[in-house]
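As structure tokens, here come the structures.
In the two complexes that follow, chain A is the common piece, with chain B as its partner first and chain C second.
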Partner chain A sequence: MATYEARSEVTGSVWNVVCEVGQRLEPGDTVMVIESMKMEIPVIAEDGGVVKEILVAKGTAVTEGQPVAVLEAK
Partner chain B sequence: MSTAGRDEPPADGGWAAELEELRFRLEQAQALGGPEAVAKHHQQGRLTIRERLRGLADPDSFAEVGTLTGQGRYEGEKLTGVTPAPYVMGLAKIDGRPIAVGGEDFTVRGGTSWSGDRKKGGQGGFVEDLARAYRIPLVNLIDGAGGSVTSIQRRGHSVFPGVHGFEQSVALLGEVPVVCAVMGTAAGGPAGRAILSHWSVMVKDTAQVFAAGPPVVERSLGQKITKEELGGARLAVDVAGTIDNVAESEAQCFEMIRRYLSYMPANVWELPPLTDSGDAPQRREEELARIVPKDRRKPYNMRCLIELIVDRGSMFEIQPTFGKSLITCLARMDGKVVGIVANNPMVYAGALDVKGARKQTHFVELCDCFHIPLIFLVDVPGFMVGKDAEAAATLREGMRSVYVGLQATVPMYTVVIRKCYGMAGMGATDKNGLDFKIAWPSAEWGSLPIEGGVAAAFRREIEKAADPKARERELEAQLRAQASPLRTAEAFGVEEIIDPRATRPYLCRFIDAAQGRLRTTVGPKPRYGVRP
Partner chain C sequence: MLDKVVVANRGAVAARVLRALNSLGVSSVAVYSDADADAPYLALASETFHIGAAPARESYLNQDALLEVLRVSHADGLHPGYGFLSENHRFAQRVQDAGACFVGPSPRWIDAMGHKTRARELAAQHGLPVGRGTGVLLGDSQAMLRAAEQIGYPVLVKPAAGGGGIGMIAVYKPEELAAAVERAASLAERGFANAEVYLERLVERPRHVEIQVLGDSTGAVRHLFERDCSVQRRHQKIIEEAPAPAIAREHVERLAAQVAQVLGRIGYDNIGTVEMLMGPDGQFSFLEMNTRLQVEHGVTEEVTGVDLVAAQLRSAAGESLSEILPARIAMDGHAIQARVYAEDSKRFFPSPGPLQRFRPPRGEGIRVETGYREGQQVTAHYDPLLAKVIAHAPTRQAAISRLVEALEAFEIQGVKNNVPALVAILRSDEFRSGRVHTGLAAEVLARVR
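And now, the complex of A and B:
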């Protein structure tokens, strides 16, 4: 079991959190959506896994590279 | 039976001693820095230069030059051993095509520079002369720490910078493909050499690259930092773009070098090799008709889009982890090599930022140099905006990429997938050539996007309206209807609107037709003027 952080690739604000703590995601699933440059940019759970922690709430400003959730992959 | 008065030559012709010495010297060269140094090198998870050459080149294709160079040890007149020069090089083949290849031998004095009568390689030297004289690609396998102050002791004087300069390295960039692979810790000259390449790659964890390493940094700035933090792939590739790609292992690194060179001609007087892709140029992918979401706020996967268009399995991405708002890759269309520049709507909506612009500039120049037609898959809202973007000089770097695009003479194809706005949009067109612009029905363009643009241009009218928000939306809707790409096509302001599924067949036809033009315009491309 390895934990990893899902990071926003862009500066923007949290448009929508689309997963819950405890939820299992497949690799490539969306963790949350960041609004940036008038577009809805997904943050992807690269390796999938169980969502351990969500670090930012809807409406929060995030910067490029900021961790937004912690996941535990197999 | 002997003849009186004449010495009969011995059966070996009299050269046995010399041949034995040659054999001994060749054996010494194979031993590199000796078993202990080689074992230590292996313990660090790194291959020796000779293992690297075997890993990279076609089997038995390496013909060494300068095998005997080094420092002989003598007892009286008798040779007892040779410490080889810390650089191994020669001629080899990749996929049956000749290359000049060389690399430092880290097991001898850490691959530091060596002074014989003639330099072997590293910065200039025979290997670079060979690549240039024979017009064949150069591959540098870099694993050297550069100069050492101990050379002052050895020579009795200090050497002026550039005494072994980069003149040949620079000239090569206009004539033959140059690949630099950083295989260990490269500082100073070897690090600089790595940058003077068309494409560079480094090995994860075991390679680092920097102008100067941790001891110098601590002495100069008081910063305590590990060499991995200072110049590992995470910084040098992902953050800085100093090196283009990262390989997971040395074996993967060799595979990537072989792959990269498969897209390149031997030199600028030739065209890249044609391959039989086994993929029909007429192939139409249904997925392309629905890949762009109708909702303009929703992005899509541009890499998938590229893969649906190019020959199956032919996409080789350059700088995939740097400047991620732009995708640059080499690929094939009906077996012919093409370069693809695509905006990535998943990162800043594909806006061209300073890193993306730098990436585009280099890639366009690379393709132009080696006569590789360019396909722009455009979805760009413009240059990146905001204080950070301005502070990073996005405007200057963006205009530099526009400038280089305008100097390029290789055929270019502009395919507008969705947004094409502003100067970044202009930078994705062939204004100096055919200026051939193709669009999907999902395309939209202008000097700036309608949203925001309406608020600025109709500010008074919107403010005066009873319901300003509603008025703004109404104006936007009006303008959007008039901004249909089909209306621009009526005016021949865009040359063709195509069904997205026809993208591959359509482009293949024109790329095929451009081959004659490409064949008749080979050669170096000198450039004039001052880049902004």
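And now, the complex of A and C:
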């Protein structure tokens, strides 16, 4: 079991969190959507896995590279 | 002429409108949100007003705050710029009801053209070429499938109240239609507070050609030729030029004349742009009409020598076209605009941040429109446009060279920017040949990566 952090690729704010703690995601699934400069950029669970922790709430400002969720991959 | 005009916008267009007001000797009122308190163009205004917090809905989309500025400043006009409230007919009406001049067409034209299927019907009624499509879809899935079949696949699902390429989905097979319509409706509801969608024939590898018009309060309308805006990323324009390359002049000028004639017949009364698609067969089809100043108006100004913003203001103030425009308008040379965005050059992801270095290029035939200066913060609250760089030269090839040189001299540090992508496109054989189409940017950038 390896835990990893899903990170925002852009500076912006959390538009929508689309997963819940405990949920199992497939590789490539969306964890949350970041809004920046009128664009919506998804944060992807690269390796999939179970969502262990969501680090930011809807509306929170995030910076590029900031961890926004912790996942545990198989 | 108007005495004092509120500029209800920010960034490059606010700077542009303030300059036009100064040149006309009209007093100006600039507004700003928390995020724009340091904006350089505020110094161009006679008065400035803070209108709210950084998020647009609390400032530049806040109708009550803007109407309050209009009242307190005793201004007799309001220029909406582009984006934000520029195509909101209710806001235009409220400005008029407050006793001021809305610098744009009458609210009824903003309303009529703002709804895509109604605008298509109007265009078709008056003999403009309109591609196959439907009215607003009513949710009957069998009827929807029949309509798509009649149009012929591929079809495009589009929001009726939309714009900016948001919520547009291409459908290649009947089994994909229902899901695409549902998704488009949800995006439309979120983006435009209107879930109505319709179907249109998807023209593959089309060119985007648009006709610039100006009308006056008597309903007289003239055109100022065309622009080609085919080079796009995410359905949004990044390179625009006038004249359109590699089209027979009589073909496009016949269209321009027809557009002006139709708009004159219906009594259109200020600035506007009719956007058309041109298929590989050379056929034009009506796409939509924008009832405002366009981001790319500068290329038309460069080749025609007409100050479109001043012309728009004079028309709104009641002057007639014969007073505003020269008797004969001709195009001189070629102008190309590149939109410099704070976004990475590969995936076009936005990149807000501090402008640690920001030195726009200068040179013969180079014009830069920007609302930023070095040291300012580019925030995530607004669109990523940093600057528009416009090159004007006697020929298209010379304009391309001039623009490439200017873009390469543009010093930007602190935010990522799309200059490398713009230069790659401008240098490509496809662009240089003039055989442009809306897929060109993606094709060129896929190759250079």
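Everything that follows uses one rule, which is that the second predicted complex is superposed on the first by the 74 of 74 C-alpha atoms of A that agree within 3 Å, B and C clash if a C-alpha of one lies under 4 Å from a C-alpha of the other, contacts with A are read in each partner's own complex, and residues count from 1 in each chain.
Quick note on the criterion: a contact is a pair of C-beta atoms (placed from the backbone, for glycine too) under 8 Å apart; a residue touches a chain by one contact, two chains touch by 3 or more.
Given the structure is predicted, the values throughout are model-derived calculations rather than measurements.
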State whether chain B and chain C clash or fit side by side on chain A once the two structures are superposed.
-> clash
Is A:5 contacted by the first partner chain B, the second partner chain C, both or neither?
-> neither
Is A:13 contacted by the first partner chain B, the second partner chain C, both or neither?
-> second
State whether A:42 touches chain B only (first), chain C only (second), both chains, or neither.
-> first
Among 256-264, 274-282 or 364-372, which stretch of chain C shows C-alpha clashes with chain B in the combined arrangement?
-> 274-282
Chain A positions within both the chain B interface and the chain C interface are 9-11, 36-39, 41
Chain C contacts chain A in the complex at 234, 342-343, 349-353, 380-384
Chain A to chain C touching residues, read off their complex | 9-13, 35-39, 41, 61, 64
Can you name the residues of chain B that touch chain A in the complex?
-> 296-299, 324, 345-349, 351, 381, 385-386, 388, 449, 451
Spell out the part of chain A that touches chain B in their complex, as residue ranges.
-> 9-11, 36-42
